[in-house]
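Note that subunit A is present in both complexes that follow, paired respectively with subunit B and with subunit C.
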Partner chain A sequence: MTVHSDPGIVQNRRDSEHGPKILVFACRWCAGIGADGAGRQRLPLPADFRVIAVECASRIDPDTVLKSFSEGVDGVAILGCHLDGCRYNRANHATAKRMALLSTLLESVGIGADRLLTSFGTAHEGHQFADLMRRFYERLQGMPQQCRFETDPQAVSGGGVDHA
Partner chain B sequence: MLDTVRKIAKGLLGQGTMDGVLGLAVGDGGVSPRLFEDPGDLGSLSLASKWPLAKIAVTVLGQCPDAYRLAVVCRGCDERALIELGKRNRIDTRRLHVIGVACSGEQAERCLCQQPWPSRVDAGVRAQGADLSGNDQVRQYLDSDRGVRLEKWREAFSRCIKCYGCRNACPVCNCSPCRLEDGLWVNRGEIAPDMFSFHLTRAMHVADACVACGACQDACPVGIPLMLLQLPMRAELHRSYQYEAGTESERHSPLLSNYIDEPAGGISIPDWTDSLRKNHGS
Partner chain C sequence: MKHTDPVDCILCRCHGEIDGVVDFGQLQKQLEDDSRLRSVSVGNALCLDGELESLAECAGGRRPGKVLIGACSFLARGDALIAGLENCGISRDRVFVADIREGCAWLHADRPGKATRKATDIVRMGMTALRHREVSADVNITVQPRVLVIGGGPAGMAAAVAAGRAGVAVDLVETSGQLGGMLNRLSRVAPGDRSAEAILTPLLEAIQAIPMIRVHTGTRVSEIRGSAGDFDVSLASKTGSARLSAGAVIVATGAKPVLPNGQYRYGQLSGVISGMELEKILKVDRSVGGNTVFIQCADVRNSKRPYCSAICCPAALKNAIRLKEIDPGAEVTIVHRDIMTPGHRLEADYRRATAAGGCFIRFAPENPPRIEGDNRVTGIRVTDILAGRERHLKADRVVLGTAVEPRIKTDRDDPVMTAIGLAADTHGFYRVQPFLHTVETDAAGVFVCGTARWPVMVDGAMAQGKAAAAKAMDLVAHPVRKASRLIGFQAVRFACARVSPTTCSGCGNCAAVCPYNACGLEKTEHGLRAAVNPVRCMGCGSCTAACPNGSISLPELGATAMVRMIENAFTAGNLTVSNALNGVADRSAPGCRDRRNGGVVNQ
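Up next is the complex of A and B:
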């Protein structure tokens, strides 16, 4: 699993006609192992996602997710261990709670709660990870593409945001 | 109502129970916060315009000696804000005394306030909370189609001049350093600031502490309906955890604990495995 910290990766794909860009934050344990397993088994799943590995899904706070959207990512996935199986003392509960609140905010502003995927328990179940990515990808394809810097004057007035 | 408050303040100061009373005063430039310490000098006390005094109470107590006892003329939102600040160790609520003032029905409508009274009402009469279902702005910004909502919010945020008024005025917003000033998260020199990294980040930071005082919206020079940003999250916290910020001084935010200690909707560990299948609140 590679860690991508280069913002150029997201920037370069902006003008291509590829599908939605998905950023996955996977915990190093169940989620990451499941994701890795899906790759190792060569399961068919869309390739337009990047994985950032973290120790525990609770490392990700809403700021990180919001910054990802600001940089032009279409969908963010937070993957963690089963809700009763976090090795860091139920930290994934905190993740679940704060991501649920964040998705309320995203929905009320009109960005869409569908853009934030929170999933637990993608353990040694690579097929579950593949299925999840497929469904998330399909859901995002029906949504308008995110532009970098939503309040860019060109985006607001010229309607350059909606490529759907 | 003003006379009642004056009498109470005079009594507290005159008997020496309290060292100071924090309230609003009419002066040359209009109405501004003032710390009254002389019982004979309460003539300029005013309740006229609404301004949350909670943050000023923190500043005052910070500069006064430890034994200083402060009375604050509080509306409902002031008291809730003080409780939230007390929970977060910004202020020692034992040094405070609340002079409770209930807001009028018109004020509640202006503030979209559901609970326009403090826990103890010394002056004024409890009015009915605002009715949000008939409010036009609420309907446009929160109840319409997703695309319409996004356009309205984007248009509103495009007017932002990054004055930080919302953050400065918010009674529960006082981290130092503030992440909104961090160049890594919010790009410097960019006006209007990016919706996600500025406005939505700020909304998330105060999400579980927002007491719906409306100070952010009042402070905004370009009229962004910032209160409406917090209402859905407050409703969600109320629906899932029966939690309302500022009402319980012993209960911390449910976001800080796990599902066993603070179950959501009565279920200790929800059985959803991914949010694509789960219905999120809208």
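Up next is the complex of A and C:
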């Protein structure tokens, strides 16, 4: 799927003060240490990202990613250890498969797979984390802003099961 | 702990490192407006000068609550802050350090406005994580004071002797009829020129002399159940089966030699033998003469086995020296890709082989030597890449360096080891934890030593055996252990998964995805339900991501905490959202799977 973006919107986006919002789910062992290293080296980075440190990238389920998008986040990054270098045996292999599947789902619902960044092995050093963030930020700058999805309290929750 | 427990927030200025960028006035105001925080106070350099203690007294003096610290990262001084508060009597479960220095102030010094908003969000996310954090159940394990050693080679024997000498009961299980492993098949042992008996005899004598060591030869381990501290082991032999219990398991099963079938006309032409066959000849026949060519890296260091076996170069050097000693007139040539002799003792072997008249020829992997001969080998042709010309060598015997390969290819090949959580690397050797843990595996209470872990020479195998024994003794020395303290790479386990038996549908997703076989299905009166082994669970959270209805969760970072953190990630300067979160309505947004808690009021 191609992202249909109005050049005007993108230009607006570049000029406005609010850049794309990025939510980073970082494994505590690799990417979390990389994010910390970026801070220690005081690498200049776009400020609109937030890091949620998790014990292992395998903790991240598709629901968490979709919830982030529904909150109006422009991009979600899942950062884990090297495949084969996971502290939890082979747990991040499951994440790799899960996120590959999720990205096809994101394409089909119109959010776009480009908004999900899955990276294993990189970002365990400060400059790698910073580089990854900058490139992801640039990629998202070329895309229209995500809107926040409001939930309708009257709507049937739980996968649209009709109790009528 | 309840999520409504009051939270006291302490912010650290860090001598201007944080408040030089982040506007503390604005930050404090935003946080004070937040009804979820009971108090907000500011300190300077909390990690120094007892500042933290005085603040902790303020915080803990009233109704006991939770403490949220906005300071540096956990890796910098955050852990010291948590330890400091623990000394003041505030449990570490009630403390959260939100990183606003490395994660915010130091990164965004050029954008103070954005940095302030980000700091507010980081503190708020920390607050929600802290509010919704629960504490995993911990269990006490009664540790069986016995160690099971699987494999009676040099590594396993050294482990058994080390543990037995220290007074720990040991069961040494060996599948073959006698102890010794590879030592039984070697003529001499490299490095140096030692006989195998010189190494084997003291070990055998020690095993006989120590009554704590029980030896089971001709026996294999048919099943291991249980987990660290209490393994239930079934042994099977021709005469019958037996069961025993063990607190720790040392795996020293070794590897198997590679027979280079089809390579260099091995198995087709008489006179082309493997290194192990030469060992057998040298063991009985002390008058082996004639020209010998050794070909190294046979069927190893290729795409099929992309590793160096580490033992074949020393073995070829040792045997070359021996052949030269027996028949100084014979020509002994080692045809190699690279000679691997790390350390001064192996380097000395290399020099001795050269001084004895051994000849070394290097070939390129894409142009391997060709064997000549019709009924029996007569010589080889090889392109010497250093001299740049073709050489023809006469040989009565061609010895192919015997590499070793793991006994299994993948984890699935070995149900006994898989059942205790032992994992294999991409080659099939058992995996140990990375970095500084040489014998500890991902499974608590299971240790690997010797060639089962990676190709190693006899001395290295024995050293690893002793290391494994030390680690196993460290485990079984305590009669009772807490499950959360059994993990090697973490001082304290992050969490232990918890199953909600009323909502679990018994689908088995968690059992399939768990990297430690900690999740399993158990029969209950309502049908199959997931159950978590509290010793094996390491708290990675794979199961929570795979569970279709949120029935399994990590109490420390549950679905609610995660959703609230996401909701609070970009709220600074957006008062409507933060007020909405403070409100009474439970916003069951899509993605929030924690509906089993019912209508949770006041998030």
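The rule is simple: the second predicted complex is superposed on the first by the 129 of 164 C-alpha atoms of A that agree within 3 Å, B and C clash if a C-alpha of one lies under 4 Å from a C-alpha of the other, contacts with A are read in each partner's own complex, and residues count from 1 in each chain.
Keep in mind that, in the parts below, a contact is a pair of C-beta atoms (placed from the backbone, for glycine too) under 8 Å apart; a residue touches a chain by one contact, two chains touch by 3 or more.
For clarity, every value in this text was computed on a predicted model and none was experimentally measured.
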**Message:** Looking at A:Ala26, would you say it contacts subunit B, subunit C, both, or neither? Reply first, second, both or neither.
**Reply:** neither
**Touching partner for A:Leu140 - first (subunit B), second (subunit C), both, neither** = neither
**Message:** After the superposition on A, what does A:Phe120 contact: first (subunit B), second (subunit C), both or neither?
**Reply:** first
**Item:** First (subunit B), second (subunit C), both or neither touched by A:Ile52
**Value:** second
**Request:** Kindly classify A:Gly110 by the partners it touches after superposition: subunit B alone (first), subunit C alone (second), both, or neither?
**Result:** first
**Prompt:** Which holds for A:Val73: it touches subunit B only (first), subunit C only (second), both, or neither?
**Reply:** second
**Asked** Just which bits of subunit A does subunit B share with subunit C as contact spots?
**Response** 63, 66-67, 70, 84, 90, 94, 98, 149, 151, 153
**Residues of subunit A defined as touching subunit B within the complex** = 62-63, 66-67, 69-70, 83-84, 90, 93-94, 96-114, 116-121, 132, 135-136, 139, 149-151, 153, 156
**Fill in**
subunit A contacts subunit C in the complex at 21, 23, 33, 35-36, 38-40, 42-45, 47-48, 50-52, 54-56, 58-61, 63-64, 66-68, 70-73, 84-91, 94-95, 98, 149, 151, 153, 157-158
**Partner subunit A, residues of subunit C touching it in the complex** = 73, 75-76, 99, 101-104, 106-111, 114-115, 117-118, 121-122, 125, 421, 423, 425-426, 431, 434, 442, 489, 494-495, 513, 515-516, 538-542, 544-546, 554, 557, 559, 562-563, 565-567, 569-570, 585, 587-593, 595
**Request:** Would you mind writing out the residues of subunit B in touch with subunit A in their complex?
**Result:** 142, 146-155, 157-158, 160, 179, 185, 190, 192-197, 200-201, 203-204, 207-208, 229, 231-233, 236-237, 240, 254-260, 264, 269-270, 273-276, 280-282
